[in-house]
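Sharing a structure below in structure tokens format, with a few things to ask.
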């Protein structure tokens, strides 16, 4: 930011989905390595309060761009299609939604093992929101499954203490938190929804449509810079974690590196991305997922894939390849 | 304690024509309607989506539509709040008297309580949940923990501001400290006490709701949290309005009690 | 003159010895200084003196509401270090508790004083009747159910007096109990107090500005100097008891009042 | 307003031996130490994992380890809280006086405020974020919104319980209502006002912290939330302790002000 | 007898016409009933009557603190419907504001009354000097910086009197202003009030229980009946002004006091 801008800079207010943690490294590296500046952008990155709340923040124009859950975006647009918000770049090709259980409590990697168990669910959790669709996709009998409403702060401790048998959550968060709560790694079993028939997308870059129409170049530049940032984060997770740590001194480098690596492996650098480049979506798959969401989210059927995702601002695929 | 039932209006004003509107009686209704109208207008003008700030008309739709769950959850929240509040009243009064009783207790306990109260109670809910499981108990306890402090402060202030002349009446009779507390301290601090109840009851609602949000399968807090995650923001606001209504109902009860119990103190003619 | 005016601390109910009392710390107002006074059991002492000379302070010293910085106050053989429990005190400003009705205010001492508090619940009716009778004596019949702030100034003062009498204390401290009353009510109450003193084993200290009152009621009139107050003279009242209101028309009576009058004129100058 | 600086100790007690310990002065320290010891013991006995309730020793380790971020975030929180609190003091006093001023305003505004206060403020933060972005502004506003109500209630109660005899002094001079408010109303309700400040300041901390939790890049709220999501619970508690310390510091300031401003009302000798 | 006792509402500063005043709603205490009184400008009226008969109520009716349910109170040509601003009132109970020093309490009226409040800031010193002089007149020199609760009962009453005088009101209402004072202080203050009345264009209404006080000070003594109070007699005081304290030793003076005494004895019975 110290460098004098060569051309007039465009300001972009950007909201993350969550706090400064490992998976945010891509954004922070794009900033720290000067990629935004090269594009003539002056980006302010603010923390978020969940991948759901990022959506109204962008829709109302409080933020120009943001990072939020595309499934919630579908629901949001289904409620009110006139809202000026759309996704322009897919980040989590495979969503992190999962149920994490403990083998010692009888939960294995097989979804059927959840039957008869008690599951802990924070109501605002993105994974829990997909539960009805997952039940259908994985063909689970829910008749004797008990769901307890437990908030985020007590989710992992209650699983660690055996009060519940499994919890809903983002795989990388829950696993790491369980480790921090003293659960041995080989006791943890993760049931990733995406691996069991629920083929959804995850978090994407959102943009306020009004802003995008007025500043198409800025949006394009932003995405280009971001692709470089995420490539850097994949190439050198430790540098990515370091970038996070400069913003939040209370973090632990090792944990954040680990978290970033897990996100990279499972959610970002999927086979599809390795092949087709980072950030694009398969419109057919997106349409299917809207279909699937119909069950879990009570959609009215007001939105199509095209209204949700707009690939026009994406840079060419070769600029979006991950190492 | 004795109650004042007499009408304190000292002087009758000349008789007014009978068809005059009683603005005082109407005021709550008028102000509330005014608020809703403003709100509706604000939403229309600002163009905020109903997933952020729904207009009151939409909120009322939601209330009608979801009446059954709203009603059940309201009852649950009302129940936990009232329970927590009652514990807070008893404990707050007791601690307030204790603090008014002894300077050593005051000096020691007060700072700790102040510190404790600067802490958001939501941070304690996880601990309560680990100890008591999810559901009613942590909600009641959170309501209690959040609402006892105003009572303590006001009772202690009431005791500290007793005129020594009034105390002397009892001291001259060789009264023990306990007697002075009972006969002068408590009645004299009643206006302060009732003032604090109005604050405490609203805080109690906040307490039980945040606890329900984090750890409960029912109650308005839980309902609003799930509605929020569904982008059913009108339902969230319906929950908020129910909370407000319950708060006002409890407040009216407190105000009624206050009038009965401390009529002797409310003789001022200022507000007119 | 009856024999009960002999001095001597051995038989004194109250004895104040060289007492200094200063309000508000070392730099504060010195209210009384070098105060010496001894009051025998069953004695009726009137205290007169200029306004602000420390009469109320004296009363509060005897009841133990204030503890002197110098000297000692001894009541019933014990040095006073905390409020004593054998007194009934009528404060100068009627300090009725506003949350209690007049009757409940009058009953207050019974809820405190040892010998009554345990009997109160069982014999409530009896005590209420007693309080109502007392209110009637002072002309407040029917006002028991009113709150103190619904009474006139003089009525509050009379209720205040009732509160000091109800528990039949051994030592009665009356701080200008008749100040706000008209001459007739006042004379009636004089007789009430006179008869009380005659019929019961009670020691009375009365602060007053009305010299006729002091001479009519007391066995002894104590004159205090201007602030810092101390006793400048004590006058035994030579009139035999029982005394009648007519006594006030006797020349000796008026002579004594005149003499006191002159003395206070002097006391005002003294400090 | 005049201040009382004189020592009100009416009567000196007999001189005490000089080596006696001043328990009153020591009490806060002793109670705090006692609390920490109890807490440490409770953790050891209950065997709760430090991810739920860390022992104070661990919390202090965390304070030392993370001192630099703790310090920076504490300053930020202190700043937002103080700002929000100051606005609340001014607005609370003003609304309290307004409510004490007119029965129509009282009847109309009071229920709305009560209802508003039964609503958890955290539900409003997202709306504030939409309007003001994240960071300092919503934190200040939340601190304000959460803390003005106790001030309003107490000021209004103070006004309502003025003895009519005191008002009459001014009324007899033909004073306008405004004069009565200024010369009697405000000074007389000062003890109530200061009582409420102690509650309000602690609530203000709660307000700014919950806002920071939801919507800020810094401040103790943000720090604790991120520590919580890392299960760095000792750091969460370190934040809570910092909050408590700041709360106590502000409280001490309020208490000092109170003594200066309302010494005339604090003459009771009860607490001893 | 000077000519200023003529009746007639045309020239009356205060006129009370057939007034009923009931406290606390239709079932409450009827304090005064059928009250009729007219007070001419520059007149000095003393009101006497048994305790609780409605004297303080009368004072509050004139100042407009209470509005009667029946009849009318007219002050300076206007019917009283809210507190009037030309009066200085000394309440029966000294209601000093506890958060103000005595001096600040005395200065209070200047902060309120129109003609002074605008000058107050600029001429602060002048006014403070005036207040201090007034405090000295009543023997409270040096007590200006004390809080009211640091004063004795009589001292509070004197400060209360100062507060009623400071703004030089046209109409001075004094409700037993000397009740808690010793005879000498009282006599001194009598002279203060007498001189005030002589030197300034002021109308004074004084409630008192001391008949000598009423006869010494007033142009006219109004006797009220027991509650519900009304005027049962009015007595012009025939002594020429200026009056000296010596007047009290004159037989006519004592005769008048005796006569009033008898009349009040009757008034107590009447209702």
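To keep things simple, chains are lettered A, B, C, D and E as they appear, and every chain counts its residues starting from 1.
Everything below uses one rule, namely that contacts are C-beta pairs under 8 Å (C-beta built on N, C-alpha and C of every residue); 3 or more make two chains touch, one makes a residue touch a chain.
On a predicted model such as this, the values are computed, not experimentally measured, just so you know.
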Shared touch partners for subunit A + subunit D come out as B
Report, in degrees rounded to the nearest 5, the angle of the rotation taking subunit C onto subunit E when the C-alpha atoms are fitted. 180
Contact pairs, highest-scoring chain pair: B-D
Roughly how far is subunit B from subunit C, going centre to centre by Cα mean, in whole Å? 48
Can you give the whole-Å distance between the Cα centres of subunit A and subunit C? 85
So how far apart, in whole Å, are subunit B and subunit D when each is placed at the average of its C-alpha atoms? 17
Residue numbers in subunit B touching 2 or more other chains? 10, 48, 52, 123, 126, 130, 163, 165, 213, 262, 265, 267
Can you pull out the residues of subunit E that are in contact with at least two other chains? 23-24, 93, 149
If you look at subunit A, which of its residues touch at least two other chains? 56, 60, 152-153, 157, 161
Subunit C contacts subunit B in the complex at 60, 63-65, 83-89, 91, 93, 95, 97-101, 104, 108-109, 111-113, 147, 149, 167
Counting only contacts in the complex, subunit B reaches subunit A at residues 48-52, 123, 125-126, 129-130, 133-134, 213-217, 222, 225-226, 228-231
Taking the touch rule as given, give the residues of subunit E at its contact with subunit C in the complex, in rising order. 23-24, 29, 48-52, 54-56, 92-93, 139, 146, 150-155, 158, 176, 179-186, 209, 211, 261, 264-265, 268
Contact set on subunit D toward subunit B in their complex: 10, 23-25, 27-28, 30-32, 35, 48, 52-53, 99-112, 114-123, 126-127, 130, 149-150, 153-154, 157-164, 167, 177, 180-181, 185, 191-192, 194-196, 198-199, 201-203, 205-206, 209-210, 213, 221, 224, 236, 240, 243-248, 251-252, 262, 265-272
Touching residues on subunit D, where the partner in the complex is subunit E: 1-2, 4, 165-166, 168-175, 179, 183-184, 187-188, 190, 262, 264-265, 267
